[in-house]
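Shared between the two complexes below is subunit A, which pairs with subunit B and subunit C, respectively.
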Partner chain A sequence: MSKALDLITRVRGVRGAMLVSAEDGLVVAEQLMEGIKGSAVAALAASLAGKLRRAMEAAGTGTSVFWHLQADQGALLVVPASGEGGILVVAVAEPDVNIGLVRLELLRAAEAVV
Partner chain B sequence: MSDDIRALSAQLAQDPQSLVFLRLGEALRRKGQLDQALRVAMNGLERHPHLADAHDLYARVLTDKHDYERAFDEWDMAVRIAPNHTGALKGLAFLYFKVGDIAQAEAHLERARKVEPGDPSIDQAFEMIRGGGKAPAAPSPPSAAASPAAPAPAAGSLDEARVFAGLDGGSNEGLLLVDGAGRVLGGALRDGGGGDVTDTVAAYLAGVSLEAARTAKLLGLGAWNGLSAEGQHGNVHLAHPTSDALLLVVRERGMPLGRLTILAQRATAMARRWLEKET
Partner chain C sequence: MSPHTRAVESWTLQPLTDFVRESSVRLVLVLTPSGQVLAQSGFSRAVDVMSAAALAAAIVASTGELARQLKQAPFAALSHQGPKHGFFLATFPADRGTLAVLAVYDLDVSSLGLVQLFYEQLAADLKAASPKGAAQKQVLAADFERELTDSLNTLFGR
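So, the complex of A and B:
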C-alpha cells in the first residue's frame, strides 16, 4: 500500500495521497504533506464520491472510474479501487498539477490495492 | 421594535456572554428581520463556537435567506457537536429533501425520531417526504424551527430551447442546466435505454454541488470550479455558470475528459450569458 501511495506522491504538485474506505470515510493509509488533515479529506472524499455515484448512475453513465474536483487553490482526484463499499485512492494536488499523470498513478495504485 | 425583542436586546446588552442571543435571534428571525437575526446569530456564535444551539440558530437564519449551502455546514457542525440535536437533524433532513436525496432525509428524520419519539413534526415530515416524492418546489420544513421562505420562482417562462443553441450540434441532449434547488432551467438527459432522466438527475445535482463546495472549502482549496468524472459508460462535467445555477454536460465514454472540459467551458459561458439575458 505504501509503495502505491509513493508513486502518486512522487508526481510534482501532489501534496498527499491516501487510501480511504468508501463506505465509512475512514483513512486506510496515507502519505500527506504537513497541514493536510487526513481524516477530513477521507470523510469529504467518501461523501462526495457517494453523491456523485448516485447522480452518475441516474444519468446512465455507470459508476465513476475517476473523478476530479477542480478548485481555485487545488484539486482533489479520486479513483475508486473496487466496487461499491470498496477503497478510494485519493490525491490532493496543487492547481497546476499534471492531471493526466496523477490519473495514471491513481489507476495503477487502484490496481495494486485490489 | 416589538416589546419582546426590545427586552431581549436589553438583556443581551447587559450580559453579552449570556445565551439570551438564542431567543433574540429566533425572535428576529420569526419577525422576518433576517439581517438583524443573522448579526445576532453570528455574534453569539463567535462567543459560543462550541454551542450546537448557536450553529442551529445560524443555520435557520441562513435557510430563511436561502443560503442552503452554508446552512448545511452549520447544521452539520451542530450534529458533530451534539449528535442528538433534533433541530439540526430535522434541518439536515429538510435540506436533503430539498435536493431530492430522500434516503438521507429519511435517515436524518429517523435519527431525530429516536431522540424524540413523541415529536409530531417528525411524523408530519415523514408523511410529506413519502407523499411528496422528489425535489419539492416549496416544501414546508420538517423542523418547526426551520421555516424557509419559498425558493426563487422557477424559470418556466424562459426560452429554454435557446440555452445551448449552436453548441455541439445545437442539441440540448446531454446538457442540463438547473437552479440551486435542483429545478430544470434548460437541456435534457436520457439514459442508455432512451428513458428521460432529466428530473431525476437534476434532483441529485444540487446534492453533488453542495458537497463539492463543502469539500473544497473545508480542505482549503478555495471555490470549486468544476467536477469532471469518467464513468463506465460515459463521462460528465459539472460546473456552475452562476452562483445559483449548475450545468451538467454528459457525453459518451469516447469523448476524452479534456475535450469534455473544453465543451463544458463553452456551455458554461453560453449558459451564463443566457441566464444574464433572461433573468
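So, the complex of A and C:
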C-alpha cells in the first residue's frame, strides 16, 4: 500500500496521497505533508464519493472512474478502486499540478490495491 | 436553527445545532454519564429520549468498567455500524463534568469519518461553552422523577 502511495506523492505538486474507506470515510493508509488533516480529507472524499455515486446512478451515467475537485489553494483528485473493499485512492495537490500525471498514478495505485 | 434541536442547558444548543448541520446526523443526545439529558436533536417522542439516554448511560458504565478491569483508561469512543445506520458514542471531560454524545446517522447521508470529524469540533465547542466553575448538580433519587419530567418538558417544548 505504501508503495502505491509513494508513486503518487513522487509527482511534483502532490502534497499527499491516501487510501480511504469509501463506506465510512476513515483513513486506511496515508502519506501526507505536514499541515494536511488526513481525517478531514478522508471524510470529505468519502462523503463526496457517496453523493456522486448516487447522482451518477440516477443520471444513468454509470460509475465514476476519476474525479477532480479544484479549489483556490489546492486540488483533490480521486480514483475509486474497484473490488470488495470500496477503497478510494486520493491525492491532495497544488492547484497547478499536472492533472494527467496524477490521474495516471492514481489509476496505477488503484490497480495495485485491489 | 433546527426546530428539532432542543436543550435543557442553553449553552449546549449552538454547538449541537452546528454539529447536526455539518455532520448530517439523524439523532443526537448530549448527556451526562448518569443518563441526564442536556440536549437532543431529532427525537420526536420523550420515551425514545429516555430509552436512548438510559441505554447510552449503560454502555458508558459497562465499557468504563470493562476498561477499569483491563487497567485501561476509559474508552474514548464506541462506534457500531449496521447495514443502513451507524451509531457513535463518545465521552469527554468538560467543566460541567464528563459529558457523553450519542449520534445516530444514516449511512446514505453521513459516515463515521464525518461524524468523528465534526464530533471533535462539537467536543471542543461544548468544552468552551461549558459554564466555568459550576459545581456538577447532584440528582438525588427523591428528585429524579421531577428532574426527568422537567427535562423532557423542556426538550419537547411542553
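Quick note on the criterion: the second predicted complex is superposed on the first by the 111 of 114 C-alpha atoms of A that agree within 3 Å, B and C clash if a C-alpha of one lies under 4 Å from a C-alpha of the other, contacts with A are read in each partner's own complex, and residues count from 1 in each chain.
To be clear about the criterion, contacts are C-beta pairs under 8 Å (C-beta built on N, C-alpha and C of every residue); 3 or more make two chains touch, one makes a residue touch a chain.
Fair warning: this is a prediction, and the values are worked out from it, not measured in the lab.
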item: First, second, both or neither for A:39, with subunit B first and subunit C second; value: second
item: Contacts of A:72 with subunit B and subunit C, given as first, second, both or neither; value: first
item: Which of subunit B and subunit C A:60 touches, first, second, both or neither; value: first
item: More subunit A residues in contact - subunit B or subunit C; value: B
item: Which superposed partner A:98 touches (first subunit B, second subunit C, both, neither); value: neither
item: Subunit B versus subunit C as contact partner of A:24, first or second or both or neither; value: second
item: Contacts of A:82 with subunit B and subunit C, given as first, second, both or neither; value: neither
item: Residues of subunit A at both interfaces, subunit B in one complex, subunit C in the other; value: 40, 47, 54
item: In the complex, subunit A residues that touch subunit B; value: 36-37, 40-41, 44-45, 47-48, 51-52, 54-56, 58-76, 92
item: For the subunit B and subunit A complex, residues of the former touching the latter; value: 101, 189-193, 197, 200-201, 204-205, 207-208, 211-212, 214-216, 218-236, 248, 250, 253, 257
item: Residue numbers on subunit C that touch subunit A, as the complex places them; value: 81, 86, 107-108, 110-114, 116-117
item: Sites on subunit A touched by subunit C in the complex; value: 20-21, 23-26, 39-40, 42-43, 46-47, 50, 54
